[in-house]
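Before anything else, here is the set of structures, which you'll find just below.
Two complexes follow with subunit A in common, the first pairing it with subunit B and the second with subunit C.
Entry: the complex of A and B
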């Protein structure tokens, strides 16, 4: 029996190989390189200890990145969550066309981010952008702002585009969660004479606890990884205002050739990812027990 | 009295439905707006001629075949690797199984940015930089990690008794996997392979770093080269929009066929766990 169990390793061996080569190895590589001064090209590498980390923590761009990460993740999670719940409850009301609506709201998710970015940059362009053309033709010239050239507005638009793309996902996750709530609970609420709003706030919302949690974790991880939309829409600019972990790593590795520092940013990012995972496992553990 | 009340209730319900319909239609318009803008602008000035300009002056069909080649290879690898390991973690026993499973799940958190440079160096060492195959294995690794939990959960819903039935018939684990479990796991597999398709079709970061020759790029990267061309005499804005529509077409057509499985896969509880 023991030998037979050993044979079972063959089933997972291919995945372990991929995991070792493309997950474990890159992590070790980055942690190691983060202690060197290296441009990523030459043969010469200089061991500098924690120099890269000291530089990184004095870098004003890092603070920008951390603020952007927090603002981006929390506003996305909250707004997307509310919209997702709202659309999911509309879908739950058993409308004839709800399948079609669901499909259309979910559609942006499959759209290639580079295409989404290109279209939105045309819409938001200052002089000939469609949004500003519309505002001007409505005689609201003062509202026709340089959307992507102003730091705070550029960040706002990166967030809005991201919400536009991913609301369908939240909707579907909440919709699934709502399907799992037993109908008896609603019947009981109806007998007690609960109104529609009361039903939502006292029955649906609390019963979706594990769904809220899934949305939160997926949102945090997604925000940590975010790259495509800011890269295509703003390129991290103006003046690093929309810089995120991934865009900054890309710049350091392939534009300013400071691989030591890039690897230090990667290491920091991995530490944050692990912290999020730890929270996730803790709460899962609590749920299993409770 | 009673029929009147029923009538009133029905009317109320009717009004309520109307409000929901209007809300849904407004929402759909907002979500479709950028796509509508794209399509309208792609037809401005010269109508469908913009599209023929694209077909005559760009080689998007090459990029389309590159995408197909890359995604096809990834799907093949993910299908084999993922179904084997999800099956093993769900239905077989071996020492250290649980720890191994949780370690592999950590791969879900792995940001692409963390693997771009190390894998870039490896690919360079093997002299594969610029080759379409260079992105296949990294995509396969990321997709397998991302989908392991979903497919394992799907296998968990299939009764263990089916395995025992195979043993009684004198079959091995592998036979039970091929002939019993794999066919039953089709819906779960379809869902995870669709996720894999989307992830590798739309990927940007690795593809734009590893492949620089435009003739070898997948379709997902091409739009970043358009902005440089916009406004030039040969490529006015409407032509660029036509090109964007063409780039979007394959994935939109895919979505028409796949959306049913995607929604069903999610609502079947695949995301739970």
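Entry: the complex of A and C
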């Protein structure tokens, strides 16, 4: 028995080693760095205890980041989820040329964020951007706003661009989930005289519960890691209005050479990610058992 | 059978034995690895390859292995390589906070400089450049390759004339000019204010125009940022966003490649803010830039204005564009310095006089830029003249945290989120915590 146990450990050893080297060690190393004053380059590091965390929790930018994270994550998850479900239902209902529509909706995911950011910058530029030019030519000058120069509008556009890019992903996940719902259930609903809306709300939606959880967890973690679109579109500005955890880590680490504080932000991000996942999994398993 | 085998063996030995009779054995070359951004950008036509070829011709025992990395990732890559013990022998670094941060990986070049150029080697370089590469004790940790001046404005003279405007000389004139341009549906003075470094460049020029000493004393921690001149400069900066001097939503536009492209390639805006390095618009080979800058009748001006209307034109700030450093762990230090010293002298001559990438850092370098148009020559002379007589001090703020704090407040002022007094107080608060 003991020999067999040893053999089992032997089989999982390569995976464990890789996990330890590429996941566990960097996390521990990062947590360690967060207790030092270090510019990320020099050979000397000065132990400062919890100073980086104290500075971080006194930093007004952190409040902005947390608000942005909550606004961004809930808006994108909800809107993206609704749109994804809507498109998936259309595809599932046997829409003509659904393959083409599916490809078109999925296409933005393939585009690199740099291109997406650059294209939207040109569209949203205040003076000669395509959107404002269009509005002005339609004599809607009052609607031609400084889209990326106003904090609230800039945040809104970061959310919209993200939804535009990732709705195809939600659609695909929901579509796959819908394919797994047995047709007998719908047949039974039809026999009971359910309308199309009732079929959706009382059959499809509840039976996609595990998909909802997947979308929610992925959405929350994805929002936590958001970097590319705000970085390219707004650079975290104006005045930190679209600052997120990752953009701030980038600034601290590579622009101000404050690696200790950057690591403290990473640790905080890690704790939030673990808390979100723990809560969500707990709810999920509770419902599964129920 | 035995005879046949011997014959074969003899034939096989022939080339080996004859090898010694031919040309001499190839010289074993010392390999010097070199990584940087800019000089002068990527591509097979980059002048760096010409410079390396010339150097290798003069030094057949040295082989320079060049790696170009774009500015966005050069420093990140470099730091990983250096910390992993696999850094290049020679590398480029930008002046200010980066040069300070990489100090552990920068060899003290003082003995190499003395050996190559003598005890008075510092006379070889412009004093403003040495300030970027020396530590507080006068030791030299890098060689300055190319000088740049920040705080300039550029104008398309023809476009200005078409709109009934002349090049403004002070803030009041600038205000009127921008009003006229706006009324004609044109951009006023365009600035890529999404780039914090450009904001800092512009504000430093404004602040130095108001009171040079107040600015640099505040940066050095000898004076408060809440002083009257600094607050005045912050007010001018803020007013420029609210009274229409800068274009609407300037805060959401980058210099590269938004505002710069509009001026350089499209020729669609009359004025923009950019430094002396934009002189390379006259030597770039892309068709759009060529047509816009070297076409028949094209006329552009680089200029400075008097930001606080006191009758004195604003000064510029100066910095070294690329600082060449030597890795202390290099095993080929002599060869590495030979390459560095060549690049900073003969190489710089190519980069300056053929490609106009920078202004010279060498005190004795003559400017004779090849094929420069009359218009370009006129602007070059303006830069050279200001470089001699109108430099306020070092460009940028070497203390990273203070620099970030100033940039943040410049952005907040642009948005109207703070008053100049509040911004000055916030900067001062950070300044007091900076270890100098």
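Just so we're on the same page, the second predicted complex is superposed on the first by the 258 of 290 C-alpha atoms of A that agree within 3 Å, B and C clash if a C-alpha of one lies under 4 Å from a C-alpha of the other, contacts with A are read in each partner's own complex, and residues count from 1 in each chain.
Here is the rule we go by: a contact is a pair of C-beta atoms (placed from the backbone, for glycine too) under 8 Å apart; a residue touches a chain by one contact, two chains touch by 3 or more.
None of these values were measured; they are calculated from a predicted model.
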Fit or clash - subunit C, subunit B, common subunit A: clash
Which of subunit B and subunit C A:115 touches, first, second, both or neither: first
Contacts of A:222 with subunit B and subunit C, given as first, second, both or neither: neither
Partner chain in contact with A:255 - subunit B first, subunit C second, else both or neither: second
Touched partner set for A:266, first subunit B, second subunit C, both or neither: first
Of subunit B and subunit C, the chain that contacts the larger number of subunit A residues: B
From 24-32, 132-140 or 222-230, the subunit B stretch with C-alpha clashes against subunit C: 222-230
Subunit C-contacting residues of subunit A that also contact subunit B: 40, 121, 254
Partner subunit B, residues of subunit A touching it in the complex: 5-9, 11-12, 14-16, 18-19, 21-23, 25-27, 29-30, 40, 87, 90, 93, 95, 97-98, 101-123, 130, 164, 167-168, 172-173, 175-176, 179-180, 210, 214, 221, 224-225, 227-228, 231-232, 245-246, 249-250, 253-254, 259, 262-263, 266, 269-270, 273-274, 276-277, 281
Sites on subunit C touched by subunit A in the complex: 75-76, 79, 82-83, 97, 101-105, 187, 194, 247-254, 258, 400-401, 403-404, 408, 411-412, 414-415, 417
Contact footprint of subunit A on subunit B as seen in their complex: 17, 20-21, 23-25, 27-28, 30-32, 34-35, 37-38, 41, 80-82, 84-85, 87-89, 92-95, 100, 102, 104, 106-119, 121-122, 137-138, 140-142, 144-145, 148, 173, 177, 198, 201-202, 204-205, 209, 219-224, 226-227, 237, 240-241, 244, 247-248, 251-252, 254-255, 259, 262-263, 266-267, 269, 271-272
Contact set on subunit A toward subunit C in their complex: 39-44, 121, 124-127, 146-149, 151, 154, 234-235, 237-240, 251, 254-258
